[in-house]
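What follows is a single structure, and I will ask about it in a moment.
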Amino acid sequence: MSLIDDKVMDTLTHQGDFIATPYEPKGPVVIDCDVKNIYYGDFRAVRDSRIPIEKNKVTGFIGPSGCGKSTVLRSMNRMNDLVESFRFDGKVQYHDHDIYDKKVDPVIVRRYIGMVFQLPNPFSMSIYDNVAFGLRLNNYKGDEEEMVVKALKRAAIWNDVKDKLKNSGLSLSGGQQQRLCIARAIATEPDVLLMDEPASALDPIATRQIEELMVELKEDYTVALVTHNMQQATRVADVTAFMGVDISKGGRTGYLVEMNETRKVFEDPEQELTKEYVRGEFS
Amino acid sequence: MIFDPFKASASDKTLSMPPSQADFLRDSAFRYLAYFGALSIVLLVAYIVFELGVQALPAIQTHGFGFITGTTWNASEEEFGVLPEIWGTLYSSLIALIIGGTFGVGIAIFLTQGFVHAKMEVTFRTIIELLAAIPSVVYGLWGIYVLIPMLVPVAQWLHETLGWFPLFSTELGGPGLAPAALVLAIMVLPTVAAISTDAFRRIPYKVKEAAYGMGATKWEVILKVMLPTASSGILAGLVLGFGRALGETMALAMLIGNVNNISLSLFDPANTLASLLASTFPEAGQIEIQALMYAALVLLAITLVVNLLGLAVQQYTMRKFEGKK
Amino acid sequence: MSEVNEQMMPPKVVLPKLEKNLYEARAIKSFLLTAMVWGLVILASIPLFSVIYMLIVEGGARLDWEAITALPPAGFETGGGFGNAIVGTLVMVGIASAISIPVGVLAAVYLSILEPQSKLATTSRFLAKVLTGFPSILAGVFVYAILVITTKTYSAWAGGVALAVLMLPTVTLAAEEAMRQVPQRMRDAAFGMGCTRTQVIFKVILPTGMPGILTGVILAVAGAAGESAPLLFTALFSNYYMAELAEPTASLSILIYNFSGMPFENQIELAWAASLALVVMVLFFNILARIVGRSKF
């Protein structure tokens, strides 16, 4: 524990609050997430983190637990609005509009920016209805069945479920449930897909399948992925954001330490703290 | 209109659409409805208290506090007092609580401390739940035609051998406190059993394990560890059961005799506030109805105090265990 | 052979006595306590079996087609039945359900999903608990004051409203509990897809929590069907089939109450038969609630 504390302090030398060197995106940016502060009540969860999400790339978030990587991710489609004490200070520019604009209804944001959660969470309805849920919700007028089949195929679960589409989504195994949830999320072809540790509850084989799926998905989507598994980040992410925890002011406030192309972050990081983290010296 | 700056810039392939105007309208309409649903409960309780107060006001002005200490109920003389009813309500409920509480806690121990196989446990629990499902009037009918005939010889014997004892000082001539309290005990039992069972189940398994680990016998564990740990939950069950007994109406109206009488004897007829209302209200004139409204207000006040007490104990218990976790 | 056996014998060790001593004080105490608990349970079951026995023997003897269709007999008449009381009970429970179920479920939605921590929710939840402890006869007194006095007549409406007052908190608390049981992750999933709150409730929470909600609702209906105190001076009684909702109306429970005190054999027999009919009705709802509640998500 004290080891982490020391390491975190390292980034705080010389000047006051450490602020990471901004990452220069190489391609078009879909979400430009610029967090000044995120609070839960009086608790300051995240500070000063600018994280641009590039189109058709997988952006990985890594860092010790409690660094606020999930909080940042959930701020990008305003899921955190469901937490009563949540307060967001900053800007999340999605294409050319701020999603935290007063005029914007969070419900609309979530229609365009889909989410896959840490634990698989199918609805207690049939496999087919789970996938068709979003299509019906978005009032899709075309061939529903075709889109359901397409989503199931792309989520690499079609072969497992094609004979039992009427069975409950809850009857599947954990890995299958998570792929069903991915199928559900991509059925409406959302612009961006946020994935919050989607493989954390799965066995290695299911994890592999999900990882392959993510690499395929970026052809069509923009993906932001939170993971606690550094190998997963190296395998899947094109760009990686490393976040740390600042305990200098008594709280546990997360902040961006370094963001760059994944290879650069893992092989030649700018910050000493990043080097130690990717070497596995603390977690 | 719906403000959606995203559709234009999102990828062409996306099927995402903002919710329609109708969706948003339905959303706010439904939320208002739900709000009024929750509000209706608050308003209902307020309205009940207010309305009973208004209706009882004339009687309160006429009879004042003497209503509560008076012992006669004579409509033709316009003389109203409910002390015997208050006494009968509390006394019958107390006896019912002692009997029903003993049984209820015993049953809770039986159901939670591994006396029978899990399947049998379900059977017994179902029996207890069915006991609670039988309507009050049916118990009343059963009391008149089964319990009272059975009790009369027993009461006779008790009176003859132990007549010096205040509880048995009179003879049972039919309806009376004893059959009423016994039926009431049957009706209190499921409440006490259910809440106590809950209290036992709430105890973390490790507590029991620790006690067994120290070499205690099953009964030592139950009496010295489980019972004290569950005690506040059981107390909540007892208080809420008592509250239920205070307000029970039909079975009592059929079995207690409806006689204004303050007596310790279990075999005397008596009356309770609820059965006074049940038996007098339908034929009462306007003045008497006002007095009955006053009596209803007294009943409301008594049950309210007891129920608030029970809920407070229950809340305290829950907090205690949540703190422990 | 015996040699081998001797070799395999473990060395002799003197152990403290481990087997139970039945005459030891604490063993006797345990035995007595266990016997007492068994005794309590069996004794507590006796009334139930006695009630069921009486219902079947006394009530079953008279529960025929005439009993469930004919009108209540007057004083010295023979025969007769309680058809109008069955209708009255069903109608009044129907009115009570039509009022209390929608309001109760709406309140439960507010309490469990929309604003569970708000001041209104805390107050409302607390008062609902208080209301479940209210003496049921007070619901009758209350409705007498607001409906019978103002409309100047006893009516099925008044009876139904009185039962609704009793059902409302039960339905609310049971439905709230059932909706709470719907896992948070399912709600998150629905919100994450861009559902409005209302869509989350209608598309996910209500369908998923339905078995639990139905169980609570059916149990509340069963309770209302067996109630009599609130009907005494709201619906009163009637010896005829109901022609409209704004007139005094018969119910099974009031019929039992009225007939139980009569000095006529015929009426007492009918009271038992009506009790059997009422208990069958109530148990039917109870069993239904159990079956519905078993289908878990």
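Chains: A, B and C, in written order; residue numbering restarts at 1 for each.
The working rule: contacts are C-beta pairs under 8 Å (C-beta built on N, C-alpha and C of every residue); 3 or more make two chains touch, one makes a residue touch a chain.
It should be emphasised that the depicted structure is a prediction, and the values quoted were computed from it without experimental measurement.
Asks: Counting contact pairs per chain pair, which pair wins?
Replies: Chain pair with the maximum contact count: B-C.
Asks: Among the chains, which is located farthest from chain C on the basis of C-alpha centroids?
Replies: The most remote chain is A.
Asks: Taking each chain's centre as the mean of its C-alpha atoms, which one lies nearest the mean of all protein C-alpha atoms here?
Replies: Closest chain centre to the overall C-alpha centroid: C.
Asks: Any idea how many Å lie between the Cα centroids of chain A and chain B?
Replies: 52
Asks: List the centre-to-centre spacing of chain B and chain C in whole Å, with centres computed as mean CA coordinates.
Replies: Taking the mean C-alpha position of each chain, the two centres sit 14 Å apart.
Asks: For chain A and chain C, what's the span in angstrom between their mean Cα positions?
Replies: 48
Asks: For chain C, which residues are shared contacts with two or more other chains?
Replies: 194, 196, 199
Asks: Enumerate the residues of chain A that touch no fewer than two other chains.
Replies: Within chain A, residues 107-109, 111-112, 134, 138, 188 contact more than one other chain.
Asks: Can you tell me which residues of chain B touch two or more of the remaining chains?
Replies: 16, 19, 24
Asks: Please name which positions on chain A make contact with chain C in the complex.
Replies: 77, 79, 82, 84, 107-112, 114-115, 117, 119, 121-125, 133-134, 137-138, 170, 181, 184-185, 188
Asks: For a test of understanding, state which residues of chain B touch chain C in their complex under the given definition.
Replies: 16, 19, 23-24, 26-27, 30-31, 33-42, 44-45, 47-48, 51-52, 54-55, 102-103, 106-107, 109-110, 115, 124, 127-131, 133-142, 144-146, 186, 189, 217-220, 223, 240, 243-244, 246-250, 253-254, 274, 277-278, 281-282, 292-293, 296, 299-300, 303-304, 306-308, 310-311
Asks: Help me check something: in the complex, which residues belonging to chain B touch chain A?
Replies: Checking each residue of chain B against chain A gives 2-7, 9-11, 13-20, 24.
Asks: Quick check on the complex: what are the chain C residues that touch chain B?
Replies: 26, 29-30, 33-34, 36-38, 40-41, 43-45, 47-48, 50-51, 54-55, 58, 102-111, 114, 120-121, 123-124, 126-131, 133-142, 144-146, 165, 168-169, 172, 194, 196-199, 201, 222, 225-229, 232-233, 236, 253, 256-257, 260-261, 268, 271-272, 275, 278-279, 282-283, 286
Asks: State the interface residues of chain A toward chain B in the complex, per the touch definition above.
Replies: Touch residues, chain A against chain B: 94-97, 103-105, 107-109, 111-112, 134-135, 138-140, 147, 187-191, 220.
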